[in-house]
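As structure tokens, here come the structures.
Here subunit A shows up in two complexes: once beside subunit B, once beside subunit C.
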Partner chain A sequence: MNNYKLFLKFIKQKSIFVMLLVIALSAVLSLSLQKGVLLTAVHAEEAGVELPAFEEGAASGEQQQTAEGTSAAGAEGEAKAEEEEEGELEPVQYRAFFGLDSRVIVWIVSELHLMFAAFVLGVPIFAVIVEIVGFKGGDIKYDKMAKEFTKLLSAAFATTASLGGLLAFSLFGLYPEFMGHMTNVFAPTMYVYALMFFGEAFTLYGYYYSWDILKGTSAKKWFHISLGVLLNLFGTGLMFLTNSWATYMMGPSGVSMKTGRLLSLSEAFYNELWMPVNIHRLIANVCFGGFIVGAYAAVKFLGAKTKEEKAHYDWMGYVGNFIGIGALIPLPFAGYWLGREIYSASPVMGNIMMGGAFSWTFIIQAILIGMLFIGANYYLWLGMGRIKGSERYTGYIKYLNVIIFMCFAVWLTPHNLPLSGEERAMIGEQYHPFSKYFGVMAAKNAVVNLIILSTFFSFLIYRRSNKGTMVAFSEQGKVGKIGVLSGLGFCLMMLVSYAISLNFVELDAQIKGYVTPLIFALYIQSLVVCLAVFLTFKNKGKLGQFILFGVTTCIAVLYFWYYGFQVMQKANLVLRYLSVTQVSIVMSCLIMNAVIDIFMFRKAKVVGEITWGKMPVRSQYALLLLCIVIVILMGLMGFIRSGLRMDWHVYGLLQDTSQWAYTPTLSFMGRVVGLIVALFLGLVAFVFWLANLGDKKVKTEAE
Partner chain B sequence: MNKTMLKIVAFGVAVIGFYMYITVYVTGLSGTGGGETAGGVTPEAGEQIFWGDGQCSTCHKIGSSGSATRGPDQEGLAERAEERAKKLGMSSGLDYMIESIVEPDKYVVDGYDKIMPKVFDPPIMLSREKILAVIAYLQTLGGEPDIDAIMKFKDKIPEASKTKVKPWVSPMEVTAEEGEQVFFDESLNVTCGKCHMVSGKGKKVGPELTGIGAIQTPEYFVESILTPSTVIVKGYETVFVVTVDGIPYNGLIKSDTEQELTLIVEESGSMEEVVIPKAEIEDMKKQEVSIMPGNISELLSVRQFYAVIAYLRSLK
Partner chain C sequence: MGNKRSQYLMFWVVAAVIFLFFFLKYVSPVVFQVLMGKGHPMPTPSTLMMWYMIMGILAGLVYATTSNQKFVDFLGFLLPGQGTFLKFFLQKIFFIAFPLVVGWFVYSYSLPGAASPVELRIQHPTLPQKYEKMENPFREKDADIQRKCIEEGKVLFQTYCRPCHGSKADGNGPFANSFRLRPINFQDPGTIATVVDNYLFWRIKEGGPGLPSESTPWDSAMPAWDGDLEDEQMWKIIMGEYDTAGVMPRQREKAE
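Right, the complex of A and B next:
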């Protein structure tokens, strides 16, 4: 009864809005009926996308129904009679939604869906990791934080599903021919997708609602963690499935490129770009989840009224940022792999990406990634302020700043500039004689690796800020030794196995010689990793780390920068092996240094405790910046990935002949992505507010 | 909304605004929409296409211009083309250049992969004129452009397809097995197997169809069945013969000797052999009409028709 009264009161208060809504709905309905929108839609779908090109109307839905036992001529006659009655039926390729730009509609809806999906996939990974850390370490605050975020997931999940439904309807409604083709190729996987969605929903709600029930014993907690893992498996499976559809559009395989006929579903599914996009998105989602958590904590920190609250949200922000950076570091490697595979799938598309129309988007990407790395480093440096003893390391920060900014200057350098004849005559060639060397891949790979090494160095000085006198490694017992030797084993396996495999690559004899320096570099790095471990065992771990950092920088950054140009000029085919070698060397440095650092400082004397909550306000804005920038970056990269197809729905196979097939300008893209980001952040804030409504009520009642 | 929240929203708006400003700035920097364009078959137009629409610079550089190394450096190409043409027994360097574009896999320079796409095919789809312009530009690299000579080769370059590439999808679910039954079913008004052979089954009056699915498209099958005279396979053209008695025959030549001509003609839906002594032939003309019945749409149901198409597509 109370609800009924409340409802009436609401109607009374909002009567103008209700009336406007009713008028709007009536207008839409009458317009639809007047224009025959509903009727046309039904017939158009019957005629659908499956009309063969030879005879109009011969394959209309009606004729299919009567085809059995009727002569083709008879069926044609019937179709003609019906045409006379209802007018000619054309196969529908495109529709518009009240004259709006269909592509922008799909663009906005799909981006919003993808961003929410990234949140719904990224945060559970974050939640399970945090839950495990809390359970193993016995720290209840980790458990609380994991639960807090799972609660937010429940509300976000429904929004994601709604946006997914809207996206599917938009695509089927506005691009029926294209979706007909996609359904024709991927229909079986669509059923699997729907079934997995059930799995995702059940495990998500099971994971959240069983949190308090599955507490108490170790077995119960592990069961709960298993539910979380299952939730992540379903989520990742869903993402992998939809990735295959998106990557098929970029690099179709398993179909006849002349007729579009499906030859092999497995090949269409496991296309060339599928796995690179899977890995890239998986890592990006973790990064995204981490930074969203960081922003949530920052908002809470800024609004906190007590010291305890500030301390809690400062700590939460730190954890979010830690996971965000952790995932950000390998992201450029995954991105490089994806880019390389795009080149392999289609050199033309690769050129559009890095040397053509889209190369300018990578300038914007570089600015955004620069903001991410600088923001993350800045947050770490500010974070050192709450740690006693960190003064010993603050001197390094200015050097790190210089390195990172210089790296970005190189990263921002475009490969080529569109020049007028006059400008080209002045310069003397198509590309700038000096800057072009900073625009090519060899230079960009080198500086990306340097940025990663610098950020990792920032993290190392942060984590040892409050560490004092160390316990000699030789006195640390078996755990330290096993840990460091395991790290060594892993690094050697990675480096040596790749070095051996390089001996067997099939290349012409004249080119193969260019692989030899790579093999040497891998063996040198292996020796240096061994040397670092040896020095650690001799209680000179810091020297070992220093040598490892130094040699890695010399090989992966300086030498490969130079050698990359040589290879590009003389043995281009070797470039891909060079990049993998470069990544392997840097990864071995990061892994080995991290392992050494963990065990070297394991029992070190603590100079001063971390004073959680003692962070300047600007540090929280750094967290907010990281979150906003990663969302913008997702929007931008979505535009690039999708836009690379230019005027093709399915690249090289199904052309986009709609009026929206042109590539929009960067400024238009900027406005659309800006709008998407604002909408997403607004919706997320709304969802968070909704999810916390219950808590507010409980708090008020308690007071 | 409290003050803190307002500050947060303002900060968010500022960051998004900064991003939007950057995109506007970069749009101006990138020169989108600017610049003059040259047209026609000229080296100037070709140069623009080389670095632009043609995507040639994806893989080729020219001396110190560009840095792509997937394909050979094109500096001095005209001279090298002459040398290679001599080596390969071609008429001229121009001939070599044109072959390299039309059949890029035919001759691949040592040390490079077979990665060059056919630029007149999707996704690049350069028009014939644009390709000729690029060739004119390439001739300037170590030589002099000769537009007249280039134009003589124009027919060697295929025209880019302007029609939309659209995948063919059968309008009804039929199986190849169903189609095979129709193909060889002698109880129907028309039996494909009476004239076409598939894997040793059927008769070889018309072209053999073993493996046809691997080389022909569904559109081709549809056209060949509904309007068989549109494309007649070489060797299966029909002849029109009139005897001295005024009897006309329209059929396929089975054998042609000094004494007699053996034709396969259609009589009441079946194929019959007719032997005509050469002395009795008054007139003989090649026809542009296929011997295959032109009314198959009346003889098969829609379902049977699509089943046959499905069967033909499966013959790989």
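Right, the complex of A and C next:
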């Protein structure tokens, strides 16, 4: 059957879905093409957009608004007469819900909504990838797993939408003035958001319910995969839209900072922090989804009755952990970028974040991230027990363990230690050497890169565990050579292009000299990457990998630890370039080593099979721990991102004058985040239980 | 049961933890004293000691449970009647020492005593909004004027700030020892190099009394110089201070 006929048949069978989808897409398209709706600049004078009455905005406005929101100019006479009779209806600034703390209500609801949304947006990304892997590789178990992911997704989607509705009502009800301002600025994007939500809903349910229908032929499968891709596009679009509202609140742009008058919607939308938050959330959602799926698999593994079930959920847990840790590796880089942009948007907000009222929350963050890396590595090391042949590599575990824990210790050492008066007197100065050398960004960046390199090394030895004698690289044929050369080309492009661009950075002459060592470091790394490839071609790939790991550690960890201090002292503007250089060098090591490893062991003799299901129970508790930690981490980071605004709804523009505008203490924050985590995990467990009710019924009937 | 060496896994883990304790408690204070040229040891703060010890114990337990065999070997050390005399001997020492160590900890923590509370410090209290947009008026001037301002600032620094902050801005002024919390060493890259000019301006102008409520408990003896010094003098002092300490202020960055 050709593709055209298949397409027609699908449309015939699912005509309602298709019609609704087409309507929704057309509406989005037509709205987005109209001037001033999507990213077109809207001039306040033309559009008549004005802030709700707050100080200067109210005083300077020509079109005063009545409480009902109608223009007062035309109906002045009638309104006056009515007001005299009935009394003026005062605009409401804040409301309360049964006297409860409005800020806490919004905090809990928005965080729960965000957590569900993260899951709903993160899981489809890897569900589609797993489906493609299964389809291309012809392995049905991948397809089965991708479908199981999607089943969880469809159950969680309705909860996300309900929480989203609750959040919108809470915000409009409890903070009407603030939401009035947000609506004035972002109203056109809000309509687009609502319409895109239709797209998300239709593609999600279409993707899930058509799984078994769109099976059998290549064309059907590709159509199904396309639905999945579309689902991801809608989901990502939705997230990007809402991110612009949240980041506008942190770093407003496109509005007059005196009157709050909207000057350009496109600038307000594409504010300074928008893209860093987009990237950070996109990666974090995948990480979050991976660990949640891992925990789901762990629960199913622990309750599994048969060997087959255990094997399936063991494998699913492994994939969940792999996805989680795979996304966790670039996350610190994205987070660092976001942090720097927050400093750029406002050095004061930056100081509040890293050195001020929120600095201790970053110590908690460090502990949680450390636990994620340790938990993920621990799971991998335990997983080596189910692979015959892994004994050859288990000796490395003790060194990796020591390195990771030492890095963790440095990572969580604060610059300002809690000290008693006696300790202060004994130390005799403000900083103990441990905090002086371990507590600053140069040290943190160095150790986080070493943790990443160590975690990657754990992956390498895991995947080599059951591989025996290798086929010489020179006998691997064209595929291996093309693959390795492509990896080399990519790495060289990344390293050399950045090195060249560093020659042209605009800096004062007195600090520009601090960039030169970075350029040298990039060129040295480029040479080492070439050397590793050369050795691989000479059938000495392992030596190449060893040299690459060694040099990367020397440059990106040891040298940049020392050099970071120098730069902090003399030329802090160079720190930005140092961090990117550090990231580029580490990434080139990860990419090149992974590519060499894949092709070097491509035709290697398999010395033993992986016995899925043969995992100690504690490994499953490690997966559960990872899930709980990532949920706490998301709760904490949500608080930090939003709380950085201190007592501002929109930073520097619209002040929060409600009684709840204070910054919560760490203890209070801990209790609220704990409550959110408990609520989320409880809701997720309930929703997943609901999703599996159908399966139980089918099983019972089969029995 | 594993090989002969693995029978001692628990012993090695415990030995590593004890070694870590001794290193942090007795070795590192002396090492830092030598490395930093101090006239006294630099004891490891109790909070850090606790964190590092937790890390050490956790690392040992993680390693001991990375495979079923290791876990069996780890616990096997406690089983009677297996192994050599050395193992028997170490086992008995462990059985005697462990309750003693726990007892010692319980005793030392419950012993009545007087100690000041551990304080959670905030390094950079929140800068009030009105200072955020301020710019040092002399930073934009030409090089000659800037140099002149720096020299004037250095003289002012030596006049007004040296008694506490020291002639080299290293926190070693003649009065430094009289404070419970010594003045900060500005040469340290983690101090004034991490903040913008106007942050210092606020700290000089309003001093300890001007700190916001969230930074309490905060003990800063810095006086408020508002009224005693002109704003221009304060900006010049800031320039002179950075130059004296040999560091640069954090500079505003453009978003990419």
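Note that the second predicted complex is superposed on the first by the 596 of 703 C-alpha atoms of A that agree within 3 Å, B and C clash if a C-alpha of one lies under 4 Å from a C-alpha of the other, contacts with A are read in each partner's own complex, and residues count from 1 in each chain.
One rule holds for everything that comes next: a residue touches a chain if its C-beta (ideal position, glycine included) is under 8 Å from a C-beta of that chain, and two chains touch if they have at least 3 such contacts.
Small disclaimer: the values here were computed from a predicted structure and weren't measured.
Contacts for A:Asp143 in the overlay, against subunit B (first) and subunit C (second): which applies, first, second, both or neither?
In the superposed model, A:Asp143 contacts neither subunit B nor subunit C.
Should A:Val440 be classified as contacting the first partner (subunit B), the second (subunit C), both, or neither?
both
By the touch definition at the top of the document, which applies to A:Ala678: first (subunit B), second (subunit C), both, or neither?
A:Ala678 sits against subunit B, while subunit C stays out of touch.
Taking the superposition on A as described, I'd like to know which of subunit B and subunit C A:Pro347 touches: first, second, both or neither.
Both partners.
Just to be sure I read the superposition right, which of the two partners does A:Asn572 touch: subunit B = first, subunit C = second, or both, or neither?
After superposition on chain A, A:Asn572 lies in contact with both partners, subunit B and subunit C.
When the two structures are overlaid on chain A, which partner does A:Pro616 contact: first (subunit B), second (subunit C), both, or neither?
It touches subunit C, and subunit B stays clear.
Examine A:Tyr378 and indicate which partner it touches, taking first as subunit B and second as subunit C; both and neither are also allowed.
second
Classify the contacts of A:Phe408 with the two partner chains as first (subunit B alone), second (subunit C alone), both, or neither.
second
Just to be sure I read the superposition right, which of the two partners does A:Ser667 touch: subunit B = first, subunit C = second, or both, or neither?
In the superposed model, A:Ser667 contacts subunit B only, not subunit C.
Which partner, once the models are overlaid, touches more of subunit A's residues, subunit C or subunit B?
The partner that reaches more residues of subunit A in the superposed model: B.
Show which residues of subunit A both subunit B and subunit C reach, each in its own complex.
The answer is residues 346-348, 351-352, 355-356, 360, 415-418, 420-421, 429-431, 433, 436, 440, 511, 568-573, 646, 652 of subunit A.
Can you list the residues on subunit A that touch subunit B in the complex?
49-55, 58-59, 63-64, 67-73, 75-76, 177, 180-181, 184, 255, 258-261, 299, 302-303, 346-352, 355-356, 360, 363-364, 367-368, 415-418, 420-421, 429-431, 433, 436, 440, 508, 510-511, 568-573, 621, 624-625, 628-629, 632, 646, 648, 651-655, 657, 665-667, 669-671, 673-674, 677-678, 681
Taking the complex as given, what residues does subunit A use to touch subunit C?
272, 340-341, 343-348, 351-352, 354-357, 359-360, 374, 378, 381-382, 384-385, 394, 397-398, 401-402, 405, 408-409, 412-413, 415-436, 439-440, 511, 565, 568-573, 576, 616, 618, 646, 652, 663
Once bound in the complex, which stretches of subunit C touch subunit A?
That would be residues 28, 32, 35-36, 38, 40, 42-48, 51-52, 55-56, 58-59, 62-63, 65-68, 115-127, 129, 131-132, 171, 180-185, 188-191, 193-196, 199, 214-215, 246-248, 250-256 of subunit C.
Considering the complex alone, what residue numbers of subunit B touch subunit A?
Result: residues 2, 4-5, 7-8, 11-13, 15-17, 19-20, 22-24, 26-27, 29-36, 51, 55, 57-59, 62-70, 110-111, 113, 115, 117, 122-124, 164-172, 217-219, 222-223, 226, 297-303, 305, 313 of subunit B touch subunit A.
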